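First chain A sits with chain B, and in the next complex the same chain sits with chain C.
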Partner chain A sequence: MILFALLLIPFTYLMLALLIKKAGIKKRLAILFSTLNLLWAMALVPIVQYREIIVVQMGGWSAPFGISLVADRFSVLMLLVTAFIFFLITVYATQSVDKARRKNGHFFFTFGILMGVNGSFMAGDLFNLYVWFEVMLMSSFILVSLGGERKQLEGSIKYLILNLISSLFFVAGIGLLYGKLGSLNLADLSQKMELARANLAVLNPALILIFVGFSIKGALFPFFFWLPASYHTPPPAVSALFAGLLTKVGIYSLIRFYTLFLYYDAGFWQQVVLWMGALSMVIGVIAASSQYDFRKILSFHIISQVGYVVIALGFFTEAALTAAIFFLVHNMLSKTNAFLVAGWVHREKGTLNLKVLGDMFKKSPVWGILFFISAFSLAGLPPLSGFFGKYLVLQSGIEAGYTGVAMLALFVGLFTLFSMVKIWLEVFWKKQPEDSAMEWPVNQKPAHWMLFSSLALGTAIVAMGLWAAPIAEYCQAAAQDLLNPSKYIEYVLGPS
Partner chain B sequence: MNNIILEKIALLFLRGIALMSVFLLLRGHNSPGGGFIGAIVLAIGFIFYGIIFGSDRIERILYFNTRIWMGIGLGFVLLAAVWPVFLGHAPLTGLWYTGNWPLLGEIHLGTPLIFDTGIFIGVAGLILSVIITIMEVLKWNT
Partner chain C sequence: MEYIIAIFIGLLYACGVYLVLRRSIVKVILGVFVLSNATNLIIFLSGGITRGGAAFIPEGAETVDPATISDPLPQALILTAIVISLGISAYILALKYRYFDVTGTHDLDQLKNTDQR
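Up next is the complex of A and B:
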């Protein structure tokens, strides 16, 4: 029940949102339910510290036969950050998203995403994971296209098709894996693979299909093109939600998948993961530096940042996995906040083109500082969270003997800084170009809740930098659990 | 459209199909059938009815908005998921009641039936809301 409640909360909201007609009540309920979700996720942290891995068997059917919900420290951390970001984005959306969209079910579908994301973080069964991916994707398809602007529909077509292809790969892989091993429970599969260690090549077609599916969802190097084509089209509150949660679910699944299955065949997979991570990192950051749209730059940076997590996964030591988890959390917070600031700029000026923007720091120093915090946290300046994230990744890389990749990460950091400085100079610092100054609508509506959300996220980023040690300790405990799949197997299947 | 034979047949068809769908729903747990299939069959009846009478008449039969029906369906699912929790079982556990009733004989009733009823109502509501929207866009109200 402890874990099930995280599915129940969004589900109850979905039910109520269908039954209630008034948009105002739905908005209040959305805030209430996202708060509940946050509180519940916070309550999970001490429980998981005490019980290490929480397992719930749905319907009372024991593990390899029924559906299990499993949450170890890593899952719980992800659930907590998700709940935090989701709560703030819901508060933000009450002022950022226009009334027509809110009336047509904006909150309804964001809760659909929440349910899918929560479910994927807890899924203890491969097919169940697929189903939660679908729940998440269905809602995101609608959110991308909700409102029906021309640009939005163009973006949503690309988003829809590429993600459907990734689902196809994923479910085809699941089918092959089931045909070979006769089980879909993650713990059971991992145990069976350990027994079949000598003949793992038989499973490669299935594993590769699933791996490609996750890589498309997580926007890794050869499969990232859908992300920058679609993330800048929906309203800013929606792209912030996507940037903060959706690709990270793909990466979470990849980490889970790697630590439970792929590492048995590490000789092959480690190289693949390292190359894909390194190339995503480099290509994402170079592509970003050629863009002139606020949100497009940030979208390309998602790809580059995801690369850091994936190379850390490729190093595959305890320190590296600690770094990967820490970096993932940092990235969710910083990236979301950068998108929230972009949402404010969009609201004030009606455009996100860097060439015509300017003088925003003079307009509101608070928002300027908030952007500064999140952007330079992404670039990795101390004492913000990004510095410790990058530091941990680099250190673990050098310790594991991958100095070249670690140096590459350092080099990419420089380019990230360049892009962030570019946004900072163009949007906040430079004088607004004279010729475009008159056309912009002046927005007088209040934005205090938007500011509240962004302030809370900014505080979280700074706090994560200041209290990096206890958080890294927690991440280390999570990494130890990830490196020890037999513990996971024992908790899910029961002591053998 | 004024064709009395067609109208009578459509009405009869709807009633027959509705009965059939409930039958499919009830036999669902151990035999082929179930809430999803039942709902699709029910929707077929409504589509025939709508093609002849227009979507306004479907809405009149439904009484509530389709959105509300979907909500009610989810409510049933929620009930079936949470009920076992209050009795100390894992969520979604099937709880069964077996009794000997006069006339009906021995019957088994359980929370899976509640769950399936929720699916039935929810899916039927969803399909009908799609159909009604399409009919309204096409202005199919003869």
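Up next is the complex of A and C:
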């Protein structure tokens, strides 16, 4: 029940929202249920500290036969950050998303995403993971196109087709893996792979298919094209939700998959993961620096930042996995907040083109400072969370003997700083070019809840930098569990 | 029988990839449907196929020869995958219809406005 509630809360909202017609009540219920979800996720943290890995067997079927929900420290951390971000974005959306969209199910589908994301973080079964992916994707397909503007429809066709193909890769991989090993339970599969260590080559097609599926979802280097083509089309509150949660689910699954399966053949996979991570880092950041749209720059930076997590996964030491988890959390917070600020700029000016914007700092210093915090946290300036994230990644890389990749990460950080300074100068600092001052109606409606969300995230980013040590300690405990799959197997399947 | 189905799956994948690479959005969508059917068949085949064996264990039987009964799990997986792809197919066709309404085109080359230039 303790884990099941995280699925039940969004599900209850979905059912209630179907019955209720009034937009006002839907909005209040959305805030209520996202608060409940946050409180429940917070309650899981002390439980996981005490029980280490929480396992729930659905329907009372014992482990390899039924569906297990599993949450170790890593999952719980992800669930908590997801719940926090989701709550703030729900509050933000009450003022940022227009009434027509809210009436037509904006909150309904965001809760669909929440349910899918929560499910994916807890899935202990490969096919179950696929189903949660689909729940999440289906809701996100609709959210991208909700509103039916031309660019939205265009973006959603690209988003939809590439993500469907990634799902097909994933399912084909699951089918082949089942055919070879006869199980779908992650723990059971991992155990069986250890027994079949001599003939692992026969599993490679299945593993590669699943790996490609996760890489498309996580927007890694050769597979990222859907992301910058679609993330800047929906309303900013939706982009923020996607940027904070969706690719991170792909990366989470990749880390889980790597630590349970791929490490058996580390010689090959380590190279693949390192190359893909390094190339995502470099290409994402270079593509971003040529853009002149606020949200497009941030979208390309998602690819680049995901690369940091993946190279840390490639180093594959305890310190490196600690760094990967820490960086993932930092990135979810900072990236979401940057998108929230973009949403405010869009609301005030009706455009996100850097060339025609300007003077935003004069307009509202508070929002300016909030952007400053999240952007320079992404760029890795102390004392913000990004500094410690990057520091941990670099340190673990050099310790593991991958100095070249670590130096590359440092170099990419420089480019990130360049893009962030560019946005800062163009949007907030420079004088707005007079000939480009458009007729955009001054928005009279208050934006205090938008500001509240962004302030809360900004505070979280600063707090994560100031209290980096206890968080890193928690991440380290999570990394130790990840590096010890036999513990995961024992908790899920019971002591052998 | 496995060989025939395997070759058939290969053909389906080839058709699907060919359709996905076409310029018309409708053909791309049809290609995705073909690919998803091919994937369902992969699951079916990889679970092992037995001729005429039901997925039941006779009552009171202590041991059963695995060659005589079929594995119910891949079939359950396919059923789930079919249901999911049904929902997605309905949605993607509606999206295509709406897109055609707004723009009056189904040429993929017209979809360049949101790209990263």
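Just so it is clear, the second predicted complex is superposed on the first by the 495 of 496 C-alpha atoms of A that agree within 3 Å, B and C clash if a C-alpha of one lies under 4 Å from a C-alpha of the other, contacts with A are read in each partner's own complex, and residues count from 1 in each chain.
In the analysis below, a contact is a pair of C-beta atoms (placed from the backbone, for glycine too) under 8 Å apart; a residue touches a chain by one contact, two chains touch by 3 or more.
Keep in mind the model is a prediction, meaning the values are calculated, not measured.
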Between chain C and chain B, which one touches more residues of chain A when both complexes sit on the common chain A? C
So in the superposed three-chain picture, is A:M138 touching just chain B, just chain C, both, or none of them (first/second/both/neither)? second
Quick one: is A:T233 in contact with chain B, with chain C, with both, or with neither? Answer first, second, both or neither. second
Could you say whether A:K151 touches chain B, chain C, both of them, or neither, answering first, second, both or neither? second
Could you tell me if A:L176 is touching chain B, chain C, both of them or neither one (first, second, both, neither)? second
So in the superposed three-chain picture, is A:L32 touching just chain B, just chain C, both, or none of them (first/second/both/neither)? neither
If we overlay the two complexes on their shared chain A, which of chain B and chain C does A:L164 touch? Say first, second, both or neither. second
Which residues would you name on chain A as touching chain B in one complex and chain C in the other? none
Give the list of chain A residues in touch with chain B in this complex. 1, 4, 8, 11-12, 14-19, 56-60
Given the complex, residues on chain C that touch chain A span 20, 25, 28-29, 32, 35-36, 39, 42-48, 73-74, 77, 80-81, 84, 87-88, 91-92, 95-96, 98-99, 102-103, 111, 113-116
Chain C contact footprint on chain A (complex, rising order): 127, 131, 134, 138, 141-142, 145, 148, 150-151, 153-158, 160-161, 164-165, 168, 171-172, 174-176, 178-180, 184, 225, 228-230, 232-233, 287, 291, 296, 300
In their shared complex, chain A is touched by residues of chain B numbered 67-68, 70-72, 74-75, 77-78, 81-82, 84-85, 89-94
